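Common to both upcoming complexes is chain A, partnered first by chain B, then by chain C.
Coming up: the complex of A and B.
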């Protein structure tokens, strides 16, 4: 027995250098971790495969991209606590801001580093209703009718829910004008919300699988997924008169890529999102592309509606977060009043 | 000889019926539903779902975690039970209470405790980071969290058993000139082996099934830090119901195998069991 072990040792000593030479010829395989928010699972599964193939063809290096998904706020929290993300692709800029502020893992001007405010795709908030729209829901005003149940996740943990909340707020502001009346609308809206799931995907499951509620406030991409992939013929999408331009940005996590030595491939991965093949995958997954050519080609997929933006109408994420979602902010007040 | 119970036959039948009915309703029916859902699209789809690289990785991680945690908690459990049952010392009751602590702490809180210790902003996090040691959002944290949650099972099984058996046999062995280890190996261990086995099986089942604490410390990285229960949730959230329930039913099968092994051992050694009062 011992002789075999010795023979094996000798063999590996002789073969070792040869194996090392082989490894030198092809670059060592790389591994990236993309920490993302809830509804991007299907999108990044396609993007990751396409990027890995493109990168392998270009550099000969094998790259594996690992994915982690969850509520955007919770995902940012785990990166702050040390999850080794090379890139973050979260639901809103504020969550990446907090990684920059609290953990200093990337510079605070991160959003200036990539085109279009580091937002390679955008989306909006639409309504998903049951087939035939039995409750006659056509616009934001219909959501506060008595007897309508609205499903939306918790804005404290979910990025999508924060977009939902601000979209409703923006509509009310445009329609009613004064802050008092806006607050009144929001209280009535949250009286109609029976459950608050922690993430967008959980809210979709509540509406689609468990059959709760009359209308789901959802990312457009999530609504399309539900209509086309999950329950063909069971749901309709209702596009409201106005909504918000929901911009989920992406960023390199500098401290992590420098520690792991993955900066080059991680940067290439983010830049790849802006290329035409990636933009086509993005449109195919019902996210709105920013590339004008792909946008023109796929325009028929996406309904046209008036979109207001976080920067123009809410003064950017930092202010919106402080005014609406910080402790004691407008959401806390609205929610407390609605439960009374 | 008179029967131990004097209730009429109808009462006994009713009691048995209630027990079996309740068991069927809350345990067998849901378990059955999991298997039905898993095989909804046929055996091929079931096998495909299990053979997905991410699913295989989650199975490997779950087995690895159990393989580390079970022996560790087994050794600790024996040591703790030995100390508590066969020795008198100050703070004995405190030790017993501490062993029970993981039972009363919610698994989510348990997970957060380790975030506070090992997270990037935790007590030891910065030092660990600086030395390139990765605990959070990696396998070590999963193992530690699982070890914490399954800490009490072996000790809890053994302590009452060892107290009931008393110290007479060990004292006799010592009087006859055996050393401490010989006493443990030839006297104590044979006496407790059934309780120990039961504790190990419970630890194993819980280690494989733990969700809450592991969920907090795992980081949910597909193919890397998702254990089987976490992977079930991921698949369910991706509307991949066949996949979710295929992995869930495999997890259930692992538990059933454990249970089967225990029953088989008990049946084969029933004479020995009867002798030790089990």
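Coming up: the complex of A and C.
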């Protein structure tokens, strides 16, 4: 009897380190929450699977990524109010700035921490029209013709709509020059808007499923999705002469990852977005990749057009937000004038 | 009376925690704005248009429900017909259905591609994405309130008093106006008030069908949400406080009418 005990003791002494090694090789599973904006559902579903597989192969750790989607502003608010997001991937920098300013969950210089202004992909704003383009819409100037109905969500609640609004503004500025004439253009544009949805997905539904309007101002990725999947053969994409470079950034939420002990895997997740496999998934989901090799390979699917940027043409998001979308800003003025 | 202290204590605690405390928080937060800023936000042209739509549409919908809900309650209590159980269950559907589902379904049907919207659009009537859409959604969600409050009163009403009135030579209209209606009026008013109150606060079903255009088809609850999305919590609570005040005043008026009416019926002293 005693011999068995001794043997067992010896065996466990010998096996102990091996067992410990095994524990090191298979650490406790981790869970990340990615709080994202409205149209990225399909994108992150693919990315999350690919990242989890890659992370498991590299570290042996099982990682599950939970997703939350909604209007970008509402999503930022939920993080401010305590949603335990490890990473945020929102429609525009201003919403992540708000999380940094109001809740201090990440440093205000967050956008400097990852390459390309923390923007692993970009997109632009294009027009989606009904098959054959019956109203002959080719550029921003056609949107203010009488009898054309334009669908765009409410820029107060939708990140995508803010890009739409600034894209139109940028076109008008380039075409008409003075601010008064730009405002005229915007008033005429919003006279042609019959419905204001609160988010980009809602606007797509209104245009595609409810048959409202002649043209939808949309994220390029959302327009491709509508053309290729939602209503095959029922819509055309029209690429205007100029548009805006829409940059949806990503950021680590420091306070949350440190509390949950997920910093390492969350950082790896964001860095993974810049790798070639992720960039290929990004291009496949109709977002424009920043990796030059992937961009060259998929150039045929993304038409070239002149893009202005939020930093160069609008002085950054903080200024654009205050000038255009705050209470009493240009959008409120345009709208008050448009209803008359 | 047994258990008075216990149940009274429970009632006060419950109302205090669940109703009074959140309301007080809304008002306290909105006061943080200062009177000038409060007035600017709560009484802007856009906010006024939103109150007008929210309260106007809720009143109209409740009035329409009072008429047709009464009719449905009458049929359900007085007649036997095949499928009556099913009809009765259908009345409750708006209670049970998630309001977003109701909004999406109504929009799908009444948009000018939908099965009702298309023929209506052909004759120039548009409901979805117009203020009429708001009224439609509020009629939908308010209907069961009227039917379910009127129904038990009608069921308790003995049939003989109508027969007695008839034998005394009263016309059908007179029976309705002078025998039935006075009996049912308090319940009808309660149903109306409930449907109205529900309609004022309704958000989920309305935003899908309203069109949400500022000054035209934007309801006050949406304006509150919009303020929140701009991180303007004080602005949101200011609008909420105004809605609270108007709702409270209107419910108080309805209660007063009911009390007067009861007083008058009980002998008028």
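Observations, loosely collected:
Everything below uses one rule, namely that the second predicted complex is superposed on the first by the 315 of 340 C-alpha atoms of A that agree within 3 Å, B and C clash if a C-alpha of one lies under 4 Å from a C-alpha of the other, contacts with A are read in each partner's own complex, and residues count from 1 in each chain.
Here is the rule we go by: a residue touches a chain if its C-beta (ideal position, glycine included) is under 8 Å from a C-beta of that chain, and two chains touch if they have at least 3 such contacts.
From a predicted model like this one, the values you see are computed outputs, not experimental measurements.
Once chain A of one complex is fitted onto chain A of the other, the partner contacts of A:120 are absent, as it touches neither chain B nor chain C.
Residue contacts after overlaying the shared chain place A:154 against chain C, while chain B stays out of touching range.
In the superposed model, A:198 lies in contact with chain C only, and not with chain B. Residue contacts after overlaying the shared chain place A:327 against chain C, while chain B stays out of touching range. Within the superposed three-chain model, A:80 lies in touch with chain B and with chain C [touch as defined at top]. In the superposition on chain A, A:66 makes contact with chain B only, not with chain C. Of the two partner chains, chain B is the only one that A:33 touches; chain C does not reach it.
Comparing the two interfaces of chain A, the one with chain B and the one with chain C have residues 80, 102 in common. Residues of chain B that touch chain A in their complex: 115, 118-122, 125, 129, 134, 136-137, 219-224, 234, 236-239. Residues 41, 45-46, 107-108, 111-114, 128-129, 207, 211-216, 218, 222, 225-226, 228-232, 235 of chain C are the ones that touch chain A when the two sit in their complex. Of all residues in chain A, only 33, 38, 41-42, 66-70, 78, 80-84, 102-103, 201-202, 205, 229-230 touch chain B in the complex they form. Those residues of chain A that touch chain C in the shared complex are 71, 73-74, 77, 80, 98, 102, 154, 156-157, 193-198, 209-212, 325-327, 332, 335-336, 339.
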